[in-house]
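Have a look at the structure that comes next, please.
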Amino acid sequence: MTKLLELRNVSKTFPGVKALQEVNLDLNAGEVLGLCGENGAGKSTLMKVLTGIYTPDEGAEIWLQGQQVEVRDVNHARELGLSIIHQELNMVPDLTVAQNLYLGRKGSHRGGLVNDAKLNKDAGDLFDRLGMNINPRSYIRDLSVARQQMVEIARALSYDSRILVMDEPTAALTLAETDALFGMIRDFITPQTGLIYISHRMPEIEEITDRVSVLRDGRYIGTVVTKDVEMREIISMMVGREVSGDARPRTKVESDEVALRVENLSTKKLLGDINFEVRKGEVLGFAGLMGAGRTEVARCVFGADPRQSGDIYVHGRKINVRGAADAVRAGIGYLSEDRKQYGILLDQDIKANTVMAAMRDFNIGGFVLDGKIRTVGAEFSEKLRVKTPSVNQLLGKLSGGNQQKVVIAKWLVRNCDVLIFDEPTRGIDVGAKEEIYGLIEQLSKQGKAIVVISSELPEVLRVSHRIAVMAHGHITGFLNNEDATQENIMELATVGKAQLKGTAA
Amino acid sequence: TSTPATSPAPTTDKPSEAPASSPAATPETSAPATEGGDVPKGDGTQTIYLVSKGFQHRFWQAVKEGAEQAGKEYNYKIQFVGPDDETKVTQQLDQLKTALDSKPAAIGFAALDTGAAADVLSQIEAAKIPMIAFDSGVDSDLPLTTVQTDNFAAAQEAAKHMAELVGNKGTVGLVCHDQTSQTGKQRCEGFQDWMKTNAPDIKVLAPQYAGEVGLAANTAKAMIQANPDIVGVYGSNEAAATGAVQGTIESGKEGITVVGFDSGKTQLDAIRNGQMAGAITQAPVKMGYETVVSAIKAIDGQELPKVTDSGFAWYDKNNIDDPEIAANLYE
Amino acid sequence: MGGFLRSSLQQVFVFAALIAIYIFFMIFAPNFAQPNIALDIIQQSAYIGVMALGATFVIATGGIDLSSGTGMTLVAVMAGIFMAGDWLNLPTGLGIPLVIAFGAFMGLLNGLNISVLGLPPFIATLAMMMVARGLSLIISGASSITIANPQYKFIASGQIIPGVANAILIFAVLAVVAWVLLNKTLLGRYALAIGSNEEATRLSGVNVKLWKTLVYVTAGIFVAFGAILYSGRFGFVQPAEGVGFELNVIAAVVIGGTSLAGGRANIVGTVVGALIMETLKKGLQMMGIAQEWQLVVTGIVVLIAVFVDILRRKRATAV
Amino acid sequence: MGGFLRSSLQQVFVFAALIAIYIFFMIFAPNFAQPNIALDIIQQSAYIGVMALGATFVIATGGIDLSSGTGMTLVAVMAGIFMAGDWLNLPTGLGIPLVIAFGAFMGLLNGLNISVLGLPPFIATLAMMMVARGLSLIISGASSITIANPQYKFIASGQIIPGVANAILIFAVLAVVAWVLLNKTLLGRYALAIGSNEEATRLSGVNVKLWKTLVYVTAGIFVAFGAILYSGRFGFVQPAEGVGFELNVIAAVVIGGTSLAGGRANIVGTVVGALIMETLKKGLQMMGIAQEWQLVVTGIVVLIAVFVDILRRKRATAV
């Protein structure tokens, strides 16, 4: 039987980085192939080579159904039946959902004239077919990352391609949407098609893939049949060592001192009557479905968004937060869920990004201490295992997961008393995830108050001492870790709007 | 400051070989305009609108002063506008149109380009608003008189003095303030023309254009550096002349004769201390004054001569403080 | 055209500023409150306005066009060459298409320099600005050119509708054309997409180089129309003119609410922006304000108008 | 200063263009190959160059400053008011700080309009450009001002080092200051961060409004130095000048490799950019090229220089 797709001997060199070295990969018709590897292993690069975005080094071969092809560019890839959902969102923020869906698409116009009414209708039909609830007329810039990701998925699925690549499609999604996505993937797979699925979430790999190929440091390690192996084995192929993780936090909250207290927070748009407190050394998890308002809570507390009412206390002292600068001064740090837009300076280097929130410690009388910046940058890159040739690398040239590590480093360097992590392990590999959990534990031991917002329930359960669950802009309940299970969290997260009103009344 | 109405016209040392095209600007033709008490006073409600060729340079401010003096004297409101620089023809025409829209009693107009103005001029004619041309001619029958300096002749005068000063031989460079406007061209061409016909041993370099002091200085300096045999530099307005002096000084070469145009403190200082040999001055205050007086007469329905010369004069260290010269110099 | 109206209403903010300024002058500037003054304002803003329509597309892509001012003059000089009779004496039916083609060609050069050679738009169009200025002077021999051809002058200054100069009609028609181009065609869609996220647009399979080039060609065509309105009004071209017009053009676009960062653009706003500038000029002059004070007042009013626009826009999205 | 050298070497590309242009003129322009010509070029580019140093910071934040040209004139007029003796006759020791404070004040107004009122930099500085122009004319009564004060003139045109005008020294010193500010201080660091991603910078707890304002203040101070060099060269100010200089200033920055999109900036490049423009002007003039052709040639050479720069930069990162 000929393979649906074969990649042979693919190498790709960037200045100073050998991202891929003689990698082979094959995909059978009718299967979902998992692609695993640590951050910076070369997964995204390999897929970009496949879809014509990068030109590989000399000697690489791509075979489609027994025929060798040379993928010239994105359009050519699409003509060949290859399409991809990139790890980074690739949406045009100033256009609407429907306009984005059909951007650059054959048949999206008639003689150069575009008919937005028709685009909206087609998009609406597509969303209905996929069971998504998205308004085609919304501007992309107004959507949360998760919703943008859903639009990306819808777009990729609408191409009728033979081979679909999904590069971490669920990084921004919660359990419910992930389930929906898996439904769509199963619908997509026919005896003529195949799908390459990249994820750092091992349960997903276990659930959806038929086989798994593993990359490490730009090299091909091997391929296994999913149901024949334990996830542990795949992980050790990826990282080259055993990673063992606990399911629940190892620490206990020692102190009774409340570090952060939020009272009666509400916003015009969504939030109503949010009250919570975090003690010194405590990790408070926030769980909820997409759009429940967790990010909005964090942004309001941090001063990034205006709030309608509500008081914020740090160490019992009421603080006047009008902007992020006020919050940071008061000792609150916020790691955003959308790193590209709010987290990083793409055209600055690692060390500059690492110290960006803590420049007060890196200057004397306005003069920047470059030596110290380099040392600290290097120290944290090493600590968080950022894969890079040097701390002088621009952030834009790092793999997604490594960018995320730099953002975390930024807040660690700032050394805040209260840290809000919004999806801290988005796009981070299993090994590194465990390291980050370890870090959070360490920080809580140091007496920091930490809020962790996560869409992965296992993650929430793994790190939080206490869990706040949100639905429709309200906190529907708090659970102590000992009492929490995925089931009772989901129960609170799916409280209906009507019920909410009922309890409020 | 003296009142132009009482000060005599500057002496016009007019070369005999002036082309026929330039109207004879003898003191006699201009004399009647300033004479007599037959200028009726207004009631203070009517406006005389002057659309000049600029407003940012001291020269135009002096014209404006003269106009306002006459306005005050004869009880007329004066509105004075002009484009940002002498290339902005469209801007000037828009201003002329707006002047017309404001329904003034009379309009004074210094056309940057007559051809372009034809339309608005005919609208002015249709509105039966009397019009006086000033500074440069308006090539049409409409203006009842033209109050002007003969720039071509003035530039010839500058050339004549330059030739004398450099001993009728050597290389001379031109820094002209503008390449396309009527005035700019005449002030360059008059100079070149005189040299060509009267000083065959003087080599005149191709003119360079610079309307700003800094640029003019750089230009003059580059000219001197590229042509070590240069003996004289001519600058065709205040900025060009001031720049020419500065460029000469900075070049470090001794003995270069600089001849300028217009006045201004730096230029006057340069003439007094010998850095500049001399310059041509026009009579801007008088020009403004005469324009308004002519306009008032036109409102009154009086006959006006075709041309009212506001004159020009050569001045140097020796006559700079003569009262009839000093009246036309500004700092 | 419901979309047109809706989008216009969203733009009511800058429009409000225009109205406020206009009413102010009706009260305080003598002789201002006449319909022909309003028509004058539109006519006089037409050539800048038309060029600003084209520049809106360039700015939508996040680019900039510094060559519109002197480029317009060069096109006008070429119109003189084609139709003034001193060099050629082409009938307008042939001359006008040639003039427009010439504008498109200049835009093409800008577009190729930017999208193929990868030059920053600022540099590419700055170079074009200098080259166009030089060529205008060279070709015209630094003399102004009179295009006496009555047919040519009729295009801009004739009156198909009595009392309304054709320039006004052309401005109106081109504004509608530009609106349709921006909102209803691939050109506008891709221009906005490129300005919003060029990389994502490329990855969507759009031939970014091609469309960017077309945007500059479009701008060049609008510059050519501007040149026709400008030179046709008086049948006259002054080859040194045009320097600095590019800033007026860009100002009209930006005052109209189009962001220089790209991605968002507003044709109605551009038209209003051009009108605001011209209304201020006319009104202040008719009020008899000294010209140097006109500059100061214009600067401050533009600041306030844009500030109010921003405020109201913010409030509108906050509700 | 190792970093300085390294960064200079990375800039060797534009620098190569400058050298190539210079050698060309040494061969083809009569009398060009003299050291004093080189000094002239540096002196004549000093005022634009100094303003471009300040503009580099503004552009690093992704902003733009259109007010540098007429703003410079206004500052120079104020220098006249303070020190020319017609109004005030302050000693230079007092007058110069006042002049610099005035430049800083203009920058402050720009900065506040942009960061507090949220106006687009293009609009805020365009308004300032108009206001400054009007005020220059009003304050000076539209007359040129002579600052005969020999001490004042000595600042720019004196020669502490014989044969080398002070303007050159000042330019050099300010270039070093700007380099240090950009590369070694918070101001530069934050300017680049803001230009790179303003929102992310804000969310890092940086007081973006404050630092943006300071960037414009810095630019204003450099404009004031430009004004001192400009007016001190002749001891003379013409209040109508300066229009259009802002484009030369921005061009120097952009030719030097600083991106108008913000986030990257290069001081050495800015200096080289200013020198390239002036070398072209001087060389073409000394070659005796007609002025209209000078424009055309300058446009094309700038295109080529920047293109070669881009090419070599690409190649350098590709290796």
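Just so it is clear, A, B, C and D label the chains in written order, and each chain counts residues from 1 on its own.
Operating definition for what follows: a contact is a pair of C-beta atoms (placed from the backbone, for glycine too) under 8 Å apart; a residue touches a chain by one contact, two chains touch by 3 or more.
Listed by chain with UniProt protein names: A = D-xylose ABC transporter ATP-binding protein; C, D = Ribose ABC transporter permease.
Keep in mind the model is a prediction, meaning the values are calculated, not measured.
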Statement: The distance between the C-alpha centres of chain C and chain D, rounded to whole Å, is 29
Statement: Whole-angstrom distance, CA centroid of chain A to CA centroid of chain D, is 44
Task: State, to the nearest whole Å, the distance from the C-alpha centre of chain B to the C-alpha centre of chain D.
output: 35
- prompt: How far is the middle of chain A from the middle of chain B, if each middle is the mean of its Cα atoms, in Å?
  reply: 73
- prompt: Got the chain C residues that touch at least 2 other chains?
  reply: 137, 142, 243-244, 292
Message: Give the residues of chain A touching no fewer than two other chains, as numbers and ranges.
response: none
- request: Enumerate the residues of chain B that touch no fewer than two other chains.
  value: 55-56, 84, 179
Message: If every chain is a node and each touching pair gets an edge, what shape is that graph: line, ring, star, complete or other?
response: other
Statement: Full set of chain pairs in contact is A-C, A-D, B-C, B-D, C-D
- request: Flag every residue of chain C that touches chain B in the complex, lowest number first.
  value: 30-31, 34, 36-37, 40, 44, 137, 142-144, 146, 157, 230, 233-236, 238-241, 243-244, 281-282, 285-286, 288, 291-292
Statement: Interface with chain C, chain B side, in the complex: residues 47, 55-56, 79, 81-82, 84, 87-90, 93-95, 97-98, 101-103, 112-113, 115-119, 178-181
- line: chain D residues touching chain C in their complex are 62, 64, 66, 113, 117-120, 122-124, 126-131, 133-135, 137-138, 142, 243-244, 247, 250-251, 254-255, 259-261, 291-300, 302-303, 306-307, 310
- line: Contacts from chain A onto chain C in the complex sit at residues 53, 74-75, 78, 86, 89-95, 99-100, 103-105, 109, 112-116, 268
Statement: Within their complex, chain C touches chain A through residues 3, 184-187, 189-190, 192-193, 195-197, 199-206, 263-264, 318
